[in-house]
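First chain written, first letter: the chains are A, B, C, D and E, and each begins at residue 1.
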Amino acid sequence: QDRFSICWSIYVGWMPWEYGDATGIIDKWADKYDIEIDVVQINDYIESINQYTAGQFDACSMTSMDALTIPAAGGVDSTALIVGDFSNGNDAVILKEAATLADIEGQRVNLVELSVSHYLLARALESVGLSERDVTVVNTSDADMVAAYSTRDVTAVTTWNPLVNEILKVPGATKVFDSAQIPGEIIDTLMVKTEVLEANPNLGKALVGAWYEIMSAMESQPEVRAHMGEASGTDQAGYEAQLATTQMFYSASDALAFVKSPKLMTTMEYVANFSFDHGLLGEGAADAGFIGIQTPAGVFGNSGNIQLRFDPSYMEMAADGSL
Amino acid sequence: MSAFIQLDRLAKNYGDNVVLENLNCKVAEGEFVTLVGASGCGKSTFLKLLLGTESVSSGQLLMAGKPIEQEPSPDRGIVFQRYSVFPHLNVRENVALGVEFVESKWLGRLFGKRRKEALAQADELLSAVGLEQARYKYPHELSGGMQQRLALAQALIKRPKVLLLDEPFGALDPGIRKEMHDLVLGLWRQYGLTIFMVTHDLKEGFHLGTRLWVFDKIRHDPHAPDRFGSTITYDLSLQSKDKALTIAAIDEINAQLHGAEKTTEPTQS
Amino acid sequence: MRRLINLQPNRVLKVALGIIPFLLILLAYQIGSDIRKAENEQDKLLPSFSEIAAGINRMAFEPSRRTGDYEFWEDTKSSVKRLSIGIAISATIGLLVGLAAGAIPMIAAPLSPLITAISLIPPMAILPVLFIVFGLGELSKVMLIVIGVSPFLIRDILQRTQELPREQLVKAQTLGGNSWQIILRVILPQIVPRLLDAVRLSLGAAWLFLIAAEAIAATDGLGYRIFLVRRYMSMDIILPYVVWITFLAFTLDWCLLKFSRVVFPWYHAEK
Amino acid sequence: MRRLINLQPNRVLKVALGIIPFLLILLAYQIGSDIRKAENEQDKLLPSFSEIAAGINRMAFEPSRRTGDYEFWEDTKSSVKRLSIGIAISATIGLLVGLAAGAIPMIAAPLSPLITAISLIPPMAILPVLFIVFGLGELSKVMLIVIGVSPFLIRDILQRTQELPREQLVKAQTLGGNSWQIILRVILPQIVPRLLDAVRLSLGAAWLFLIAAEAIAATDGLGYRIFLVRRYMSMDIILPYVVWITFLAFTLDWCLLKFSRVVFPWYHAEK
Amino acid sequence: MSAFIQLDRLAKNYGDNVVLENLNCKVAEGEFVTLVGASGCGKSTFLKLLLGTESVSSGQLLMAGKPIEQEPSPDRGIVFQRYSVFPHLNVRENVALGVEFVESKWLGRLFGKRRKEALAQADELLSAVGLEQARYKYPHELSGGMQQRLALAQALIKRPKVLLLDEPFGALDPGIRKEMHDLVLGLWRQYGLTIFMVTHDLKEGFHLGTRLWVFDKIRHDPHAPDRFGSTITYDLSLQSKDKALTIAAIDEINAQLHGAEKTTEPTQS
């Protein structure tokens, strides 16, 4: 196999894929390793993961939580090839009239159910001694979140950027909790099918190589960020505002440090517990550890059923400059 | 002859299409006028003028000395070839509707005792047209002939002075027509009606009418067939009904209409 | 040999032939599922029939762990309620506006072009505006149906009203009816069965808009469930829900037809 | 006084009355926008007309800085292309299947129940399945239109074919035609104008499915753009796009009608 | 009499509804049989048996000694009251279609020289029915009478032995019928046809036919009107056409049909 396809959807941390595709950086690296890589943009984030899980793509950008609950829970063994960033304020709980998180009690909270927003809300509630039972969750599509917030019925939302920034522009909107308060828990990655990656290390090398070339351009050149902003439907200022609340790993060594730290395993344990509580690990799951998660610091859960892996080896090659 | 209906240089055109022109006639109360003529010559249009759904283009159309009302009203009843009855009402309700319209301004519907009275009134007329057996049926359960009986009863409940019939038996089996003829003649006498009836069947016209009008164009412009309209080319009194005369007249009219038909035969679709 | 166009299957053959394609589809599904399961036992895209049965059982016959409800029935109840209200409102609007415009030319003149334009706007594209105007509660779901369906109903009823034989209206006038009486006693009762026909035609669209609305903001409903479990590709729930929706759509259509046949026999005899 | 139901507006009055509601809507919008702007100058929901003009200008008359394309026209091109292909395929399927089933009872027997069932499935509910089966390329967008529209077309053409006067088919047989010849020379040419009618009726649904498909998987197109900027609630772009879609829908419908009138005069004279 | 068409204890029923029973007759080649009878008595059904679109329930229907073919074929032409012509083809193409079907098995369509020949053949027949002037028109541009002429020309291009006419002039203006009668009689003689023509107009039947059949029920079960079927109650030879006799016969038949009508008058919808 020397032809691969990866898919991505519009999100601040994944716009580099668009840039790499548009400027030929990805093709350049693919040529270097003598393979072909199709980069496909999918509007709908969930659809992109579903397509990946159903076998249409070899790699897909997604959060670590969705990687656990969709492909991993569906038996598609996936490896986090690149950990690109974590949300550092990009996801937030916003109240319309109240000033503190505790006021959320009894309200209807609009969010994309079972997504990282849901997770963030659960973590936020925990932090003030509440639980999900104290609020009513209303599933709301992300595309309509901003419009939804403008309606009278909606008093609380939990969502991500760029929606957070749009909503905060409305007078009276108060951010009462955000992902900066749980740093490193909402992780944006590129997932590759483990099977494919093992059979084709060149794919991993090409993708990682291309990624860090884009990263260095992105870090140093404002016009690159302007390009990405425009491609995501806003402008440079809007995009920079989103970047401000995203902890990008511009260099491979930063990413490595993050992945190798034992905290990643703790984070994934939280995520697994949340997912299990909401029935996301499948009907067969007996406990939160039903699906094994391998991290450099060790394995969480059932080591006989590892479906999600964090593999630092390719990022190490990038850090070593051996690509 | 006292003129109940009077046509005075009456003309009707639709834009450039002149349909009727220069109609002059007087009709006394109680006459039975039958109208024949080629298809498309304007017979139905003339009835519409009498009915008030179309307005006169020039000249005058007077009823009892006054210009005819520009809207249908209960003093001029009508029976069309089809669609004259209401499919969603049963036979009695169809006839009683005319009473309900008058007595219930807002709902157009009567209840209780007043409803019973209206229905009783309807039953009377249904006997007159021979539909007593079918009182509870809906129009779709009736034959074509019975539907036309119903349409007649419906019109008569308003005691109109004038009754307009536009090919009322055109869609019926020839076998049934004879009965309908007897019925119409009977009602005409009983209710003292003035009837205008369009028919395609010349013999029917002779048999029923006290007077027969033939509509035809007298002027033709071969390059602009719509330029000239029809007028009344024959106005025969049929009071005497001499058999031999009738046959001669039929032959003559037939020949004439026939010739005209060839050149003006209209498009059917 | 008789010509192909003249060959009529008899009753038994017809039923048999009608069933065959469904059996073939089930068979194809079974094979497809087996193939995928052979590759990845955990595959969620084409669950086996036993997994689907388990999914149905879990949703319909076991109380939810989180809420204690029987979610399948709750979803059905919510959706059917929204659909019924939406259709009832649309039908009322369609009847009133369509009838008024169809019967009174002076009303048709200003309304007709407007309604044509509105019926061409894809409601999905103006969702944000709808939210702002109607909020995000039950009302907005019902309103999406109303906005999606009623322009069609108005246009249809308008046309049907204008199609009533002119002769009837003239006749009613010669019976002394005024405009209001004629509308009430001649036009309205004849339009109601036609409204039922139009409603039947628009049911498909109504379901579509209901599902779209539930996908956007809801806490229950058939469309909500489908889009929620899409998040973890639970086809074992999506597939039975789709079949159930199809069945509900069929039943509703059939009931309306039966109702119309019983209440308006004259209408069906006429056709 | 004439009865209300008899009053006909003349031509001039009719046009004037037709325009009024549109002017009222514009006025209401202007007022609404002013009110919201007074409260919050940044309000994006009801942009002023000058903001909308600027939005149009940016999309349609200035090249995108990123790609150098005039995005509005590119979006239009992509969407119209998808729509045309989708409708062309649906029409072909509708014609072939509907004609075959309508003319040959032995084909109708197995197909008819299946197509009824399929036409009842709301395509939105099986979107995930569709994307997986047809992938995410251009094909999937076209296929959503095809799946949404062709069951309706098939049913309609089937019915229209069966409605052709039996007498004609008998007559054709007495002229020595075999089944194939009769389908080709008697049925097909009479069904084509009816197909155009059916296509016109299904255009609204086709647009709906196109927009839904583009919202989920596309990188350009009118539906894509609307959903992309919806995240930022850029109503200054959404509103002109909606008006433009409405206009395109109207134009397409009008062209099909004109075409049919010119090519099949006998059909329109018959009606 | 040599039997070209032979009916032998022929019966037809739809399920429990017996439409025709016990028909026995022989018809020689070249006869012109007119069929009359009350509405719904089975006249059209009998034509369908001859045509082969319905099959005999019991008994025999023979043509030239053999059971009649169970499908329409070119040896039996037909003209219905309506819908006998193809609206999407012009007049010539309508007539030429019969030739194209034979000569082009796969496309049913001829090109070039062969098409010209077919059209020339069509033109010949169009002259015979008096439609030369309308060759390039479409059916919707023709009047009802012209459409029926076209339908006749179309049927005759196959040189059928038998021509079946089901109320061919039922939808025409009475004024035009006379011409059509002459036309049909002319064609009948010219092409040596055997004609079966259903009509509602008894006089038409007498005028045109060499033989007149009256269809009627002879047995009635008031509780189950469908239990017994119609049969041929009169079979009159009209070779002599004695005026007085004719009138007497018309009156008698009329009276009889009329009586029957009252009780069996069917539902119209």
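Here is the rule we go by: a residue touches a chain if its C-beta (ideal position, glycine included) is under 8 Å from a C-beta of that chain, and two chains touch if they have at least 3 such contacts.
Computed from a predicted structure; not experimentally measured.
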Where subunit B and subunit C overlap in contact partners, by chain label: D, E
Reference subunit E; chain at largest CA-centroid distance: A
Selected pair, greater C-beta contact count between C-E and A-D: A-D
Whole-Å gap between the CA centroids of subunit D and subunit E: 47
Subunit A-subunit C separation of Cα centroids, rounded to whole Å: 38
For subunit C paired with subunit D, centre-to-centre distance based on mean C-alpha positions, whole Å: 19
For subunit D, residues contacting two or more additional chains: 3, 45, 128, 132, 173, 178, 182, 215, 230, 233, 269-270
For subunit E, residues that touch 2 or more chains besides their own: 53, 71, 140-141, 269
Per-residue overlap in subunit A, given as positions that touch at least 2 other chains: 50, 54, 144, 146-147, 150
Full enumeration of touching chain pairs: A-C, A-D, B-C, B-D, B-E, C-D, C-E, D-E
Touching residues on subunit A, where the partner in the complex is subunit C: 46, 50, 53-54, 69-70, 73-76, 110, 113-115, 136-141, 144, 146-148, 150-154, 279-280, 282-283
Footprint of subunit E on subunit B - complex, ascending: 38-39, 140-147, 173-176, 178, 200-202, 254, 257-258, 261, 265-269
Residues on subunit E engaged by subunit D in the complex (per definition of touch): 51, 53, 71-74, 76-78, 80, 82-88, 97-98, 100-102, 105-109, 138-141, 151, 154-155, 157-158, 160
Contacting residues of subunit C [partner subunit D, same complex]: 3-9, 13-14, 17-22, 45, 103-106, 109-114, 116-117, 119-129, 132, 152, 169, 173, 178-179, 182-183, 204-205, 207-208, 211-212, 215, 222-223, 226, 230, 233, 235, 238, 241-242, 245-246, 249-250, 253
Of all residues in subunit C, those that touch subunit E in their complex: 2-3, 6, 269-270
